[in-house]
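These are the structures in question, set out in turn.
In what follows, subunit A forms one complex with subunit B and a second complex with subunit C.
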Partner chain A sequence: MNEAIFDHDTTDPRREIERNLRPEDWCNPVPDGRYNLAVIGAGPAGLTAARIAAGLGARVALIEANVLGGDCTNIGCVPSKAIIRSGRLHADMARARHFGGVAIEAIPDQALALDRVRKAQARISRSETAALLRAEGIDLYFGKARFADHRSLRVGDTTIRFARAIVATGGTLLPPDVPGLAEIGHETVETLFNRDTLPRRMMVIGGGPLGCEMAQALCRLGVEIILVQNTPKFLPREERDAAQLLSESLARDGIQIHLNTTATRARRTAQGKEIALSTGGDTFAITVDEVLTGVGRMPRIAGLDLDAAGIKADPVTGIAVDDFMRTSNRRVFAAGDVCGGYMFTHVADAAARLAVQNALFFGRKRFSRLTIPWCTFTDPEIAHVGLYADQAFSKGIAIKTYTVLMHEVDRAITDGEETGFVKIHTAQGTDRIVGATVVARHAGEMLNEITLAMERRIGLRALSGVIHAYPTQSAAIRSAADACVADRLTPRLRRVSGWWMSALRRAG
Partner chain B sequence: MNEAIFDHDTTDPRREIERNLRPEDWCNPVPDGRYNLAVIGAGPAGLTAARIAAGLGARVALIEANVLGGDCTNIGCVPSKAIIRSGRLHADMARARHFGGVAIEAIPDQALALDRVRKAQARISRSETAALLRAEGIDLYFGKARFADHRSLRVGDTTIRFARAIVATGGTLLPPDVPGLAEIGHETVETLFNRDTLPRRMMVIGGGPLGCEMAQALCRLGVEIILVQNTPKFLPREERDAAQLLSESLARDGIQIHLNTTATRARRTAQGKEIALSTGGDTFAITVDEVLTGVGRMPRIAGLDLDAAGIKADPVTGIAVDDFMRTSNRRVFAAGDVCGGYMFTHVADAAARLAVQNALFFGRKRFSRLTIPWCTFTDPEIAHVGLYADQAFSKGIAIKTYTVLMHEVDRAITDGEETGFVKIHTAQGTDRIVGATVVARHAGEMLNEITLAMERRIGLRALSGVIHAYPTQSAAIRSAADACVADRLTPRLRRVSGWWMSALRRAG
Partner chain C sequence: MNLADLADDPLLNTLQRAAFDWMLDTVNPVNGLVPDNSDAGAPASIAVVGFALSSWPVGVSRGWISRERALALTLSALRFFANCEQGGDQTGTGYKGFFYHFLDMETGRRVWNCELSLIDSALLLAGCETAARYFDSNTPEEIELRTLSRGLVASVDWTWALADGGTLSQGWHPETGFIRYDWEGYSEALILYALALASDTHPIPPDSYRAWRLTYQWENIYRHDTLYAGPLFIHLFSHIWLDFRQIADGFNRDHGITYFKNSTRAVQIQSDYARLNPRGFEGYSADCWGFTACDGPIGAMHTADDTGRQFLGYTARGAPFGPDDGTIAGWAPAAALPFAPVPAMAALRHMLRGYPGMLRDHRFLGSFNPSLPGGGPEGWVCPRIYGLDQGLLVLMIENHRSGMIWDLMRDSPVFQQGLRRAGFKGGWLDE
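Let's turn to the complex of A and B:
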């Protein structure tokens, strides 16, 4: 595919990112009267809100304390997916024999992989530069914002008055909860991608989505990984069998896995960083070169003077909003990670779209009505939408589940990508889809058909009538739908058609 | 992913395929009265028809002259996708530097790749074995079938009487139209995958879907490929820009491309097989070790004695069927490649489902109502559904097209898979989707969301409300939908919202 952009670009990506997302010579504008909308924070939620509002003719102030693009572009989705791609190539190369290649020892060039991460970031930063935002009519301020009163903000010495405001300051990483770790230092996603090379042996504490993604990608790039999770399975939120498949995949990649294990203490020794671990009463210690923690984030609300604007918030759960994304100040809305809950870029984007409509146009769009999918970008990917089986159970919804294993799917077999399944939950007695999990190499691309069906209340049986090009891995979705059709019709039809078939034989 | 099936399986895949799809010791059953349904041909259409009918309690005879699975399993989709996967790995490995690997010369092991093809076929054959069909209650006959009269068939000495029949004998490859080629011998997909290794230098004549797929895959596996196409572009049916992107990708892979060129003569020389080519008046000759032709197929109707049953057919266009898949014999239906038209496995499957319903249950399902997607599995894949721009034009449908380039899509950038686009045609003045083309590495998986929308008459604007997990390449579909929303609303909204924004500023 197109590689020109990466390979022949000799500019330092770090400098381009800075120039795009936080230009050194930026002059903040001078407010000219009240803004229709002030947006605090220029991550995914803030950028979406500001751009939509400006596109609709609103006068918009956008205030960013740090760099444009937020965690997504700078420390989260973008760099992680770039390094995951490098890891995926190496995993495939390690299996070259299986695909008809000569088995080769392909030594990863970690510096190259890390440089590629920053080049990807630089590329993506081009669509959200300060200059672009200005050209779209947005008044962009760099600086820390705080509320002066219910209807105005202060950025440095400047007062920004607004008719409506949206708080989209995102989240910050929680400090590590392992005694001693802060003292001896550790990596986070905020620092990891700035390295020029990777440590030889690293412990990843936390087996949530980001922990698993990073553990796998870095392991595939040659880092010896010890992955520690304090619960009995990875991805505590996901279906048990999905987490189990992931666990097996991580083990196959060569990750040393410690489930049900808690890191209790960290100290520096002559050999490196020694982490004491505890599991079921036993304790032991592992020494590594570096530690990566990714154990959760909390809303970023410090310094905003939310009280001055009458905005209620909690340090852990973030800014309190109603179903319309409105805070306790009726002129102020909030969107994205600062509201806690689902901390995903696409949720921030969806909430921001909704907040703009509700803030500026008397919209009454409800967040609770959104159909929200998500995906963990491990290999295989784990994509989900709607309810999990246990959620359905606790809501008192009886479900009937249709599962198709990827190793029954022709394209998964020819692709050698057979780990995974499509699992669709329907409300018992109907074909209404209440939730689905797809585990497959490209699960994130496959899920959208199901999300669309849920969003538009299309039953699972109807998906049986949707022709899928052969052979694709998505055919598994249709197979699940076929099973639903057979399941719902067979008892009655068998009786009727048995009779009918004899009649037809007699009549000819 | 799961590799156990391939790597540790030491049985000869050829023998397993034979055992599954054409058991040596098979004894044909003895008919016990009239069948509800006789199905001739056990490829994708015939297998689907027979299995659905048997599942509904019908007494079914299935007659296969050759091996079960048809072209799809034995010479078409399955082996081609398996070898494409090997080629894709090699292409990625050749770009290893770009993804953070040490640049390495990975020499393909062609014998291994070809063995893997047969192992994939063996795996897939396990879901359509003779024994399975028998267990499903189907009377399976191996032998050549011919119609005795309007209501019975002959297989060898056995007479098979039926209430309804479905002809699903598929197609055969057209003989090469290059003078001399038949004499000196050449490869087809029927023979290619049986080789133990690949030729050094090969000419592929015909730049349709299969020609392009094979040319690219074999080139990536180290075969020097000359690709000859007699029209000005590859994939004559596809959108011009899709064909152009493919052409560039094939060139980048190192294929020697001759467009607008006709092979006029073939002869054997001391150096190998010499093919005379003609382009715009010029003629020249290229010598290769082997020639692969894949120029079209024709319906397989010879020897069926269709006349005896009053079934009208044409040697080129195949068996004539109405919109209900019924032939000129009201008791006999046809499905799949034997009817000409769209020669795809998934179309054969869809037509067979429809034929069974219409044949056995007074169904009135129309083939013309189906929304049929298709996909060419090159790299990038080219997937399509609905109308092309020129088809819309010739039908007098004014269209408005929304295009998103993959190099604007975050996940395509992080994946280094930026060649391609999502292009959606809507009927002008509405958001009704009339057609779409997706060019992307996994276009086949991405298209289904659009197919579902078309099938259920969901407008493009509605897709803007479908949240896609970030970052996925399918986000391009939502971006196209967002553009449609902006496009349709902006002129009016801008007027109203400009006024409203001033009012809001004044009111505060």
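Let's turn to the complex of A and C:
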């Protein structure tokens, strides 16, 4: 049973995570000749690359400076999704009457929720432990790696020679750009989940995906949240209607929202941390117990001695790679956040698979051919794949959008999850899908069908012929496909069809 | 007696006359300014002045005021705007031929640190042009009126307001410069572009109109192919003056739709959304809708069914994506009559019968929200009357009854030129 998993697990999750991902008593192996592949960084990209290569019989060195799992397991996707789930429970309990119940004592226990986060991390770490990697035949080194020359690395005193290498060191958080904030201290996602309790009143600076996710989850867990965003809408890259629905949902949860507002200064007062805000010429200050920021990320390249290997990189945009993930050193590839661009775990994973193929098998797989979806895990979730409407316009592609509101979907109504929509953009006059945005409670799950169609070049009309189990929320996608099919019924076709029907009647 | 018991024409006449009288009662005869709303001390809104300038001719043709009085009110406004301070300082009236959105009713100077507003300036100029078309006699005063109107139209420096990417900016503050976000998607700015393209002195290039159109969203929603915009007013404002029934621009031709037909579909989507009523608000039905920019209750409150909700105050509500907090603009069906005469009349009658308290002295208040507890079936009722609503009602009901404003403006060389430069063809533009 699902609900038993965490509760009967009495292991201290902090200790288990450490044992799995950074064992204290680890002895680095001693290299025995040249490796087929050296992988620097054991986050999502590095782990994928090392495991695939080892599975193919390559001799692989994997070097990690900190802990296995990277940002995803330790500070990013995993902990944030776990805390979001706890928040969702409280959001549902607040609507208990709607579902025919009375929630008694629906008081968030923040310490329990934070402990559950660590238990989820511990569970996931069991699939990527140091011992497991060694058993898979990977030479795992803990330590800082730096390039010695074009064909070798140094880890401490050890020299690792390689035929091919993949740099997958990920990224680091940018320091806050609010004057005074670094001095008075603030939380980032790197530190937040180490807390045992949550602050009473917190300001979240930055209304991008992570800022919105955390603001909503923590608010639902009883933290008074002030969310500050310097643009007119949240998630600036997402479509207007999506950002609009999200704004409404955040307000409904009770978040104090300040759009078009910039944090200009931070200082400590007797009451707490005071943040000065500026909006359209007006300035005011809000005092909170804690500030969460650290929204921007930059590639982690410091200390790698990339120059020694002839690898070109930029402190902001990261390691320069071509469409095959190859760096300016033809033996060295890079994947994941260290290359800048789309900083998502699943992109890192996809790029790593591609880099391994290209590095070890003279592959010619192109990154630009990948169909890359993404999702912001707020409630409702906002998921997207392919082009946005404005991107299509600027490429000169006229589009027609098939929109289905979630409140037209039977299963969304029965589930009380009617907020959102499916928008599928097609090239005008065809059924070729050029992009899609889904806003729904389970948008991330629903989007996969559209991503599959795009990747395999399946037209929208074909999805109309795919029977969807009834009732499911992804039936919204079929409804959009049905509308696309109905478009073929031009007035002329309708006349022909009418003529045929009358002929059938006459024939008796 | 309930208004809904009247036959169509007497009913519309009553509503239209009441709206007209509100502007006549509130106009400052010295400078022609009309207040934004019925609050004591409310400032003038230049858009409402534009609506009023267009409404005075309606009053003359309906016999509600004399031509002399209408002429005097119009001249007051035009003389004021032609001679006002245009230095661009923080307490002036305008800059570069544009005007601040809100002005003091007496001094005509900027209030509330408001923006120099492009769209509201355009609505004002549309009113000036309406007056210039209507007052066509060769008396010295009417000649002066036409000269002033031409001068106001010519003095606007549209090219100054072109932002990066070639579209027009939303507005400008003397303190902080241009508002940094531009128009996105189909909006009421159609009339703004028609005016800016038409200028003989500072025209924007036709590419600018195409750049604005790039963000149009052509969507299939509720099985209707539509150029999407959520709030209803967007589908109404430019249509006050411009008869889009037979004319089409490049976008229209590519998609087989006119802007007029698109407004009809927008009305249908409003009605469909209200019928589905996804958020479970009180009163919504196929005959009870009106999601648009309007006032509303604000903050967290408990609805009559005891569920906590967030209310949004003054905001641009819309269908089908929202925002929607149960607030309905009662005047919406009457304002939409030209586009969907039968369903709009049915909705108007249904709402008049069910929610008589949405009017005061036969005038529509800003909005009402039957989901909140209140003194009657209307629930929360906006305490204020808005000038924009009253002007829109006078003009749209007139278009529905006689087509008068459309007839007048079809002969406007300004709008003919602007529309042609935007690529519009067909119908009356070809005659």
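As a working rule, the second predicted complex is superposed on the first by the 501 of 508 C-alpha atoms of A that agree within 3 Å, B and C clash if a C-alpha of one lies under 4 Å from a C-alpha of the other, contacts with A are read in each partner's own complex, and residues count from 1 in each chain.
Quick note on the criterion: a contact is a pair of C-beta atoms (placed from the backbone, for glycine too) under 8 Å apart; a residue touches a chain by one contact, two chains touch by 3 or more.
What you see is a predicted model; the values in this text were computed from it and never measured.
Chemist: Tell me which partner touches more residues of subunit A in the superposed arrangement, subunit B or subunit C.
Modeler: It is B that touches the greater number of subunit A residues.
Chemist: Tell me which partner A:H98 touches in the superposition: subunit B (first), subunit C (second), both or neither.
Modeler: In the superposed model, A:H98 contacts both subunit B and subunit C.
Chemist: Looking at A:G280 after the superposition, I want to know if it touches subunit B, subunit C, both of them or none. Which is it: first, second, both, neither?
Modeler: In the superposition, A:G280 contacts subunit C only.
Chemist: In the superposed arrangement, does A:N448 touch subunit B (first), subunit C (second), both or neither?
Modeler: A:N448: touches subunit B, not subunit C.
Chemist: For A:K400, decide between first (touching subunit B), second (touching subunit C), both and neither.
Modeler: second
Chemist: With both complexes superposed on chain A, which partner does A:A389 reach: first (subunit B), second (subunit C), both or neither?
Modeler: second
Chemist: Please work out whether A:A182 is in contact with subunit B alone, subunit C alone, both, or neither, and reply first, second, both or neither.
Modeler: neither
Chemist: Could you say whether A:G254 touches subunit B, subunit C, both of them, or neither, answering first, second, both or neither?
Modeler: Touch partner of A:G254: subunit C, not subunit B.
Chemist: Output check: A:E408 vs subunit B and subunit C. Expected answer is one of first, second, both, neither. What do you get?
Modeler: both
Chemist: Between subunit B and subunit C, whom does A:A483 touch in the aligned arrangement: first, second, both, or neither?
Modeler: Touch status of A:A483: second partner only.
Chemist: Let me check the overlay on chain A: which residues of subunit A are in contact with subunit B and also with subunit C?
Modeler: Dual-contact residues (subunit A): 97-98, 407-408, 418, 486.
Chemist: Taking the complex as given, what residues does subunit C use to touch subunit A?
Modeler: Interface residues on the subunit C side: 113, 173, 175-176, 181, 184-185, 214-215, 217-223, 225, 230, 254, 276, 278-279, 300, 306-310, 320-323.
Chemist: For the complex, give me every residue of subunit B touching subunit A.
Modeler: 1-3, 5-7, 33-36, 44, 55-59, 72, 77-78, 81-86, 89-90, 92-93, 95-102, 104, 106-110, 112-116, 120, 123-124, 127, 151, 163-164, 221, 249, 344-347, 349-350, 360-361, 370-375, 379-380, 383, 407-408, 410-411, 413-419, 441-442, 444-449, 451-453, 455-456, 458, 462-463, 465-474, 477, 486, 490, 493-494, 497-498, 500-501, 504-505, 507-508
Chemist: Which positions of subunit A touch subunit C when the two form their complex?
Modeler: Touching subunit C from subunit A are residues 94, 97-98, 232, 240-241, 244-245, 248, 251-252, 254, 280-281, 389-390, 393-394, 398-403, 405, 407-408, 418, 421, 423, 428, 480, 483-484, 486-487.
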